[in-house]
Amino acid sequence: MSAKTKVAILGASGYTGAELVRILALHPHVEMTVLTADRRAGKPFADVFPHLAGIRLPDLVAIDQVDWAGVDFVFCALPHGTTQEVVAGLPAHVKCCDLSADFRLKDVAAYAEYYGHEHLAPELQKEVVYGLTEVYREQIKAARVVANPGCYPTSAQLPLMPLIAKGLIAADGIIVDAKSGVTGAGRAPKEGTLFSEVTEGIHPYGIATHRHAPEIEQGLSEAAGRPVLVNFTPHLMPMARGILSTIYVQCAEGVTAADLRAALADRYAGEPFVRVLPEGQVPATRHVRGSNFVLMNAFDDRLPGRAILTCVEDNLVKGASGQAVQNMNVMLGFEETTALMQQPMFP
Amino acid sequence: MSAKTKVAILGASGYTGAELVRILALHPHVEMTVLTADRRAGKPFADVFPHLAGIRLPDLVAIDQVDWAGVDFVFCALPHGTTQEVVAGLPAHVKCCDLSADFRLKDVAAYAEYYGHEHLAPELQKEVVYGLTEVYREQIKAARVVANPGCYPTSAQLPLMPLIAKGLIAADGIIVDAKSGVTGAGRAPKEGTLFSEVTEGIHPYGIATHRHAPEIEQGLSEAAGRPVLVNFTPHLMPMARGILSTIYVQCAEGVTAADLRAALADRYAGEPFVRVLPEGQVPATRHVRGSNFVLMNAFDDRLPGRAILTCVEDNLVKGASGQAVQNMNVMLGFEETTALMQQPMFP
Amino acid sequence: MSAKTKVAILGASGYTGAELVRILALHPHVEMTVLTADRRAGKPFADVFPHLAGIRLPDLVAIDQVDWAGVDFVFCALPHGTTQEVVAGLPAHVKCCDLSADFRLKDVAAYAEYYGHEHLAPELQKEVVYGLTEVYREQIKAARVVANPGCYPTSAQLPLMPLIAKGLIAADGIIVDAKSGVTGAGRAPKEGTLFSEVTEGIHPYGIATHRHAPEIEQGLSEAAGRPVLVNFTPHLMPMARGILSTIYVQCAEGVTAADLRAALADRYAGEPFVRVLPEGQVPATRHVRGSNFVLMNAFDDRLPGRAILTCVEDNLVKGASGQAVQNMNVMLGFEETTALMQQPMFP
Amino acid sequence: MSAKTKVAILGASGYTGAELVRILALHPHVEMTVLTADRRAGKPFADVFPHLAGIRLPDLVAIDQVDWAGVDFVFCALPHGTTQEVVAGLPAHVKCCDLSADFRLKDVAAYAEYYGHEHLAPELQKEVVYGLTEVYREQIKAARVVANPGCYPTSAQLPLMPLIAKGLIAADGIIVDAKSGVTGAGRAPKEGTLFSEVTEGIHPYGIATHRHAPEIEQGLSEAAGRPVLVNFTPHLMPMARGILSTIYVQCAEGVTAADLRAALADRYAGEPFVRVLPEGQVPATRHVRGSNFVLMNAFDDRLPGRAILTCVEDNLVKGASGQAVQNMNVMLGFEETTALMQQPMFP
């Protein structure tokens, strides 16, 4: 009898926790044996997320009640800050995909600058692999701890990194104008994410200061082979899920959008979750809703020598829990698409 | 080698067509071999619904191009009116689940009154089974043609029929105040379903005249053993998917909401898609979005001797394409839940 | 030179406070001299509501800093509970329209039951006038303190009270199925009113227990001349503003919807803010958005002898701040429509 | 006795027509005497826009039924193409503000290129004034025909033109990433603007080819004193009203966002409808909804030497009908803010 992998979800009461449960409910090789939510410990998971009441699940527990002996794999969806100590304290037999921002920046000094405190597990940081699956698949296979990428960085790095690496676009002066759904702000009640404050409107936020900017720059710098800066301007808009990144780039001499599209199509040929659209087709966030797919395309600009890249994802799936399951599949040797072939839900 | 069932979807360019494709993409025992859309014949299905471009599918064809020899099962999602002749003309070896309203009313005179023309296949009507799966499962097993229920009638009949049949509530004077998402109005462009006309508002429509009223009454009359009328007042509101029916009933002498809840829980025990919620828990449409689940509950009224039933479903899934696949599974002897255990998507 | 009336808004940092400012900004006879918000004292009003930065306004102060000598009229938009003592403590020269629920119920025992504590100003309660302007205009003219009606009660009482009073409908067994926008829940952050929890869905709440039920019953009982109970079932739906009440009633012998419509048209002829629509026209919340208008109509039911009333309002205007200004106009002898003729905003 | 100006609205059945009526209903110096809508001729205006049923208005007529002798001023809100002949045919005593795109481009060859046919009134084009009120006020005062600017160009030109003119930013390489509400697409039913196709999503459209690009370039070229190109990338998002332009610019040597903000504040000091926000405050479309206000600000970029400008407006008000009334006020010598001081409606 082949035992199932025993999975714990730490911080199961947030939106990414719910998405992990939704996705893993269809996974034939894993069993969710531990769900933690400190303030809700002792309650059924369905008290927190009634829409998932149909799934047989253990009750919520506090994190210090977990018996790690019965856990093979951990998804850590805790708020940043507490995460570093929790992950550093996991027993050696437990593999982990961390969905927080705590292990994404390789440079612990940059972490301290953007997150306001010293990194609490700098030694562990050195062995953590950044979980942009399509880019770091080989390292992820061997990793014990994977830092799942941020939602915005996923949508920016996937189209940009191959084009920079090939020298088809300038690594400098890239502008990422991103539009996000509200779940990206989490489930903690705040005035700014109330329905009445968000519906029927849009505004930018975190201009030039958002914490995902250095994360995007880390990937682009690696692709460029030198440090690069990026403009990253996120916007909050009235949809629950989805991110669209509209990216403005300078092409290398003689390069057109058709070249960029061809290079991306070539790079992602065979990738199950990344689709480069045919010429002229515009990616829309609603075409990936609820799925792990990423759609992208390239367009010529009116400005000579420049191009526009567009990339969409579901911020809770490929931008969070879906990519986390994808990484778990890679880390544990399962078929990479397992539990992830649910199709987008439109309308 | 076990051949897959060859399925045709007639009228694949509407929302119910897209949902059939989304659901069947995960069905291990069927193969979609024919997709029709007369005005789009020759085009890839992904031209009509780009979000499903990741599924391998045949191009769209016109209905008169279909070679029925290669078809085992038909989902008919054509507009009402043309459907009767198409279904009547299917070869005898083809089973069919019809999603239109054309075969739902057993009384062809009532059909003529509400749909404005004589029934075109009155003989076939006699053998068609009404596809409210939880109620007519045994007949559906043996049926060649099933009339898939309307979205509103599903959400009204499931809670009401057992309570009427058991004499727990009065069959007369029932009031069904229903709230529906906009996909119920279809994909054909109309001023009334434009985003700017629907967002941030609500209004009733079809008051006392909606075509789903006689369909609801058909089920309630059967449960009551005599003809009954019902108030049915639908409302259009700004969401793409979902129906909530808030139902006001007179209890039999001494009966309380707790009795109604217990009776419903008893009736639907073991049903995979119907959940009667615990006391006090309120069904919300967003808790069934994208899934084939139905949630219901009963509440005591301030008015003595009366109660309030609430029932939610996704109008495109349990209210249309999901129930259609459920019926196909029953008709063809597959496990009833096959391809239908995708969990609700929230938020 | 005729000095302007000096107006104070207590609790100006909530949505009803913002609406008072928006409306009064166009009022030629009043000047907003005091705006209180205890936790924001010392800040500009535009810090709280940037959309009103174009209006010249005093900075926010704490309520105990107010010099009442410089105030002629008070709008009290404080949370219920604190309101009774504040209003009871106002100097005698100050008139007041209170937007909280604290003075709406004439029966202080009912207040205690529904609001969980003894009434703190029972003597004052006796002289307070309930501010449903179209019904109590004459008493409002002479009142020093007016209790502005709740949003739901306004939309239920306006169509029902005249029909009950005339004996055209039964006072018993009335069912009010109401649908509200999210601003009705206020601006304090709560999980249940986050965008991602509300968008694309609907659910009932407070079934049979909502505090507006006794307030509605108070008006209907007065119209009936005896105590009556009512079913009141509110629903939360994804729009910022608006209330639709769909009301199910039993007609008196021989009475039809046409009779109800005629009686309502007769009752509200000459009323500037209440419009009874022509036969067949359906009120929609979006047709009153941002305005003080109320639209209503009556429809025959499929159930013999019964009818359906529908009534829409903007919950923040006629359901709160607009009716409050209307009451102030009446109390101070201004033209009743002053500052209230802004037309509905659609789309 | 001072007679009111007699105003005709041609094409009153679209959203801009409704907005003209909503605004003009509060205008003390004008009277709406003619409303045309060819396909609805003979019907009351309230059949088309029930939310404005409270305003006394003439019935709709066909345009060829208009007696121009009784008209002093025309708002032309007809679809482009028919407009040129209609405006060219107006009697000499009638002034006109045209809301279509037909007279916005001074270069009739550019018009032909972007709109697909020869300009039909090239002589008239020479005397038409472009109605960006804050920029061309003096010429508008003397104009007989004003071409009201497009919604996107208004939001791009107002922040950019003064900064280019002063040499504070480079005129080349400007990127305008714009996000628009759905009313911008008009009221004619199309699949792409159905509620279910737009809700909960975003996508770009008309990338590099949108007709507003040459209109924006016309203004920027004038400011620069030489021809310039611009990147203009509009996005369709789920809100009825509002445009946000996020604009990426290269600063002149040593210039910072603070300098840009100061220059804009200086340029628009005293302008009643343009507000430059304080440092750090982010314009949001919902803060101008329903009003004629424009909010803008400037932010430093992470990319050295670059800045980000943001500008919001209500596309139906300052982006269409509000600016049209503003222009009428200027053309006819009324106080410029007449009927335009309705405050933004939030939430």
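Structure notes:
Letters A, B, C and D name the chains as they come in the text, with residue numbers starting at 1 for each one.
One rule holds in what follows: a residue touches a chain if its C-beta (ideal position, glycine included) is under 8 Å from a C-beta of that chain, and two chains touch if they have at least 3 such contacts.
For reference, the UniProt names are A, B, C, D = N-acetyl-gamma-glutamyl-phosphate reductase.
All values reported here derive from a predicted model rather than from experimental measurement.
A count of C-beta contacts for the chain pairs A-D and A-C puts A-D on top.
The chain with its CA mean position farthest from that of chain B is D.
In whole angstrom, the spacing between the mean C-alpha positions of chain C and chain D is 36. Each chain gets one centre point, the mean of its Cα atoms, and the points for chain A and chain C are 45 Å apart.
If each chain is reduced to the centroid of its CA atoms, chain A and chain D end up 39 Å from each other. Counting only residues that touch two or more partner chains, chain B has 15, 181, 183, 196-197, 199-200, 238-241, 284, 286-287, 289, 347. The touch graph of these protein chains is complete, with an edge between every pair of chains. Those residues of chain C that touch chain D in the complex are listed here as 15, 18, 21-22, 25-26, 49-55, 183, 199-200, 240-241, 275, 281, 284, 286-290, 293, 341-347. Residue ranges of chain B in contact with chain C, taken from their complex: 172-173, 175, 177, 179, 181, 196-197, 199-205, 207-208, 213, 229-233, 235, 237-242, 244, 246, 248, 282-287, 289, 299-304, 306, 308, 310, 312, 347. On the side of chain A, the complex with chain C involves touching residues 15, 181-183, 187, 189-191, 193-200, 238-240.
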